[in-house]
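Both of the next two complexes hold subunit A, though its partner changes from subunit B to subunit C.
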Partner chain A sequence: MDATFFLNVTSGGLLTGLVYGLMALGLSVIFGVMRVVNFAHGDMMVVAMYAAFLLFTKLGIEPVPALPLVAGILFVLGYLLQRFLINRFLGVSEHIQFLLLLAIAIILTNVMMMVFGPDARNIQLDASFESYTIGPLVLDKVRVIAAVAAGGVALLLGAFFRYTTTGTAIRACADNPVGARVVGLDVENLYAVTFGIGTACVGAAGCLLLLLVDVQPQLSSDYTLLGFIIVILGGLGSLGGALLGGILVGLSEALSGALIEPSLKSMFSFGLLILVLLLRPQGILGKTS
Partner chain B sequence: MTLSALASDRRAVLLLGLLAVLVAAPLLGSGDYVLSILITILLQAYLGMAWNIMMGFAGQFSLGHALYVGLGAYAGGALFVHFGTPPLIGAIAGMTVSAMAGAVIGALGFRFKVTGVYFALLTIAFAEFTRILFDHWGWVNASSGLFLPVSNRASSDVWLLRGSATMFYYVILGMAVLAFLFSRSLLRRRIGYYWQAIREDQDAADALGIDVFRLKMIAVIVSAAMTSLGGLFIAFYNDNLYPESIFSMHRSIELMLGTIIGGIGTLFGPILGAAVLTVLGEGLTIAGNAIGIDGIKQIAYGVCLLAILILKPGGLWPWLRHRLGLDGGGR
Partner chain C sequence: MPDNIMIPPASQGISRRRFTTVAATGALISTAGLPMVRPARAATPLKLGVLLPRSGHMALIGQACQRGAEVGLPMLRDMGYSVELMNADTESNPDSGRTQAEKLIREGANMLMGCFDSATTLAVAGVAEQKGIPFVVNIGAEPKITEQGFKYVFRNFPSATMLGKSGLLLYKDIFATAGVTAKTAVLLHINDSFGMGMLAGINALMPKLDLPFTIVETIAYDPKARDLSIEVAKAKAAKADIVMTVTRLNDAILLVREMVKQQVETMGITSPGSPGMYDKQFQKALGKYADFCSVNIPWFDPKQEMTQVLNAAFDKIYPEESCDLNVGFTFEAVLIAADAHKRAGSTDPQALTEALRATNIAKRAMLGGPIKFEANGQNMNLRSAVVQNLNGKPTVVLPTESAEAKLVFPAPPFKGRT
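Up next is the complex of A and B:
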């Protein structure tokens, strides 16, 4: 195997990994603030992918321009879900919360299955067949666009949490919910906004992933598990960790797919997950609590 | 006679009545369809009771029980296909392998203090890992699936577990009854109380001198071995095995759904939940076919789970038991 091939596989995995990272970012935000494990994350991803698919096929809006719209739809969905349902379950035991999200996941996936059927759908853009050539390196145009957009959204999110009042307030809720309430923050509303932001990340990631892969309702649980692998790898609740984990998983998938066998690629991800859970459950960038 | 003894008497009468109806069901000339539904309910109840020992009694959340179903199914199925090994021996092999797998996962998880949702993810990771492993394992025919020689439905051979639906019905009925009695005796023994103490507050149990690690290990191992026996039944009843479906996370989810709806930690909950879910699922499938919509069943499962969590987080059975005036202490 020559170096060029290796370089191309690596760069492809790196770019896809950024999109994975954006998806996992949403999971990480939701966990970091509310300590809720969103088991419906992959299902929301599939919802976003179908939304982008419909916008393209019915209205001719390409996924990248459609991104703010899809992210907005998912924000509203997430906001309402947290506001009217999940907020009522914040004090209960962990497994009940987990099952609640599981119920939402089952409903979402199967509604999607009912509406769109089990067949894989994809979209073809003009850019789908173009690529950039830099020396020996050949990069698919859509993959570059998706990665750049994912990185951009992640930066925006980081800036939001650092520089805006709402972002600061959300961080306050994450650090100390009781204290946040004492100083007069509307914690319930901020939680709903946070869940909305988390699902909006998934919405954006779903749009971008549609540029790269087919969409299928059955894949939702795979995406959920992928999200968990990534955030646990990087550290649940850590934003930078989610991106790093995404890139690592993107790389490991691409490399094991190219070097060993494509169908074995998720076995490596699960093996990685087992190791991280046992040896460093706080993740690579996570803080020890 | 105290109130509690009266309630327990009525419980015993109701249980024996139910058992009598179930034993007589095939003799009453219920058709193949009804029998197949009853088999589904009993299988679901059996697997739910096995999961319940780990989650309901000892409080350890496993979302990867499909692993033990698959190991039991493949151990029994592959030994039968390759060597003609009788299922009883296959069952011992499957239970041993599953118990070992459970011991490994439990030992790693408990020693490394992987708790709650993280532990659930660990169990999923092991199940998925094994699924992909079996997908590439030539001896069990990898992803193309393992097929058992189709049984002669006219004559029944219990020793080789080849035969009619009625035979399978009595086998799973026997398994479910034994699982119920086994769960009941566990819950009434010292070990059951230790488990419940761990479930309610592990640190407190530890402080009281309960050997938390050992007891959690027993829960995982017992639950895993029991689950694998259900897997063996699935292998011989369905005659085909695919890693994709037998090890899938959806199976792990469906397996616990009945118990959650019926009531986690209760004895009768898994049975009630299995019956409610299966009947509802079948009814909706028929209704869905009539109006030409597929997939209503799965949506209904999700809605049921959601409704239970919102309205009766403890499950249907504790509520129904109270309404029927059956609770006089204990369960």
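Up next is the complex of A and C:
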């Protein structure tokens, strides 16, 4: 196997990793601000994939143009879920939160199974068969589109938290919820907005992931687990860490598949996780408490 | 009507004896000389227990087989056969298959048919043998099915050895017909029991069959994998003349799509025998890129009239589904059962078994000579074809005497296809 082969495999891993990173961003945002671990994360992403699938099959809207709409739908879903359900469980012990979100996950998966059935669905775009050729590099077109869009959304999110008033208020809640209340911030609303942003991120990721994989209800648990691996690698609560973790997982899957055996790629992601937990348990870019 | 009508005394009118004689004579005259619209049927219909995996992980194929069992019933009725199906779901599980077989026998099944997957087929064969009920295997390649000395088991499907050998030997025919020979191949195969079994068969047979090419790289993958880009990149790096695949449906679609994206141009994408590439969903998902993929597989005989009738009936009832070998072999299993029943003139299991042993059906749907069973219950008159996707349809291109169109090899590149 020559250099061209490794170059192509690495670039593919990098591009996929960016989409994974966007998926994990939402999880990191929610935990970073509210200290809630969203165990229904993968299920929400699959809901977004089905939403994008329906928009394409019924209205002919491709996933990238549909992204703002799908992200908007998931924002509203996340906002309402947090405001009227999860909010009541914020102060309780973690295992109760886990049970609640697990219950939501099970309900979502089974509703999707009932509505769409267990079979895999996909969308066919002309671009699904195309690639960009740059010298010896052959880049899958839809993977490039998905990665660029993922990077764009991540940058927008960073800009939101840095430069907007709401973003600054959310960061204040994350740093000191009591202080935030004292200065008059509506913390409940901000928490709901944060959860909505987290689910909007995962909605955007779902839209883009539909370009790369077929959707079926059974995907949800795999992506919840992948999301956790990525945020633990990168550091819970760190946006940069989520992106970095995503890229690392994408690359490790690609290279382990190329060098050893593609069916063992998950083993290497888990191996990387164990290494980080042993050497730097807060994650690569996470802060120690 | 007056209520005092009496039957006239015998001396005044027709006697009972005369009436009976005249009526019988009349009936005989009225039926003699008229063409028989339908052949005579056996008095009691055959109760055929159908055991297929209609749920569980083999549900899609089990349901395809079920369509095969049902779609041919009107044709069989018109041919004078009389069969009733008793359907049971094996749930893709040998234990359920065994239980269902026993249940069908208790409920009066005269014969059993099934089961698609070899493990369940073996389990049901054990039940059939124990109860003395004849069992016709529609699909099931495990050699042991006809190597255990079973007296009541009859298989109209090639064993894995027959499939593997026919599938590989057809490569010689492909190269001879095209006038071009591939020297190297890369083999991509699923890593489940079917895929690993095929790999073992290919590795064992390749040295014995003197094929002109060598497999330079073997790449296994999970049939449930969602992304096969690395596998295809490895296949591309092997720079082989042809790609050999052992797939199921979804992974076949992923593989070929990825080959298009990564511009993996070879002489052809061929399978020595596996599902996927002849499926309607494969054509639908890949469009022009599905064309020229080929599979070496037992298939319909396009020259048989029964094939035309069956395909037409199937397409009318199930326009979105594939009329493939699962449908064909299951239909033939019902045909075999019905034919034995008609010749036996009885639903007695022993009479049916004797009739099955004497089966000789020349007018059939699948490729091969007449359906006849050896002493071990195996029909050896089965032939694999090279089935190539041409203009969006799986088409027999070899053997030449059964071909519907000319083989296209090497395949045209993906780039520039219209």
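Quick note on the criterion: the second predicted complex is superposed on the first by the 288 of 289 C-alpha atoms of A that agree within 3 Å, B and C clash if a C-alpha of one lies under 4 Å from a C-alpha of the other, contacts with A are read in each partner's own complex, and residues count from 1 in each chain.
Everything that follows uses one rule, which is that contacts are C-beta pairs under 8 Å (C-beta built on N, C-alpha and C of every residue); 3 or more make two chains touch, one makes a residue touch a chain.
Not measured: the values here are computed from a predicted model.
In the overlay built on the shared chain, the residue A:Thr16 is in contact with subunit C alone; subunit B does not reach it. When both complexes are overlaid on chain A, the residue A:Leu90 reaches neither subunit B nor subunit C.
Once the two complexes are overlaid on the shared chain, A:Ser263 sits against subunit B and subunit C alike. Within the superposed three-chain model, A:Leu7 lies out of touch with both subunit B and subunit C [touch as defined at top].
By the touch criterion defined above, A:Leu185 reaches neither subunit B nor subunit C.
Once chain A of one complex is fitted onto chain A of the other, the partner contacts of A:Phe228 are limited to subunit B, with no touch recorded for subunit C. Of the two partner chains placed by superposition, A:Val144 touches none, neither subunit B nor subunit C.
Legend: residue contacts after superposition of the two complexes on their common chain; A:Ile123 is shown touching neither subunit B nor subunit C.
When both complexes are aligned on chain A by C-alpha atoms, subunit A residues 261, 263 touch subunit B in the first and subunit C in the second. On subunit C, the positions that touch subunit A within their shared complex are 191, 219-222, 225-231, 233-234, 236-237, 250, 257, 260-263, 285, 287, 289, 414. If you check the complex, the residues on subunit A that touch subunit C are 1-2, 4-5, 8-9, 12, 16, 120, 122, 124, 128-131, 133, 138, 140-141, 212-214, 219, 253-254, 257-258, 261-263, 265.
Contact residues of subunit A toward subunit B in the complex are 37, 88-89, 92, 94-96, 98-100, 102-107, 109-111, 113-114, 221, 225, 228, 232, 261, 263-264, 266-267, 270-271, 273-274, 277-279, 281. Across the interface of their complex, subunit A is touched by residues 55, 61, 108-109, 112-114, 116-118, 120-122, 124-126, 128-129, 132-133, 135-136, 143, 249-250, 253, 260, 293-296, 298-299, 301-303, 305-306, 309-310, 313 of subunit B.
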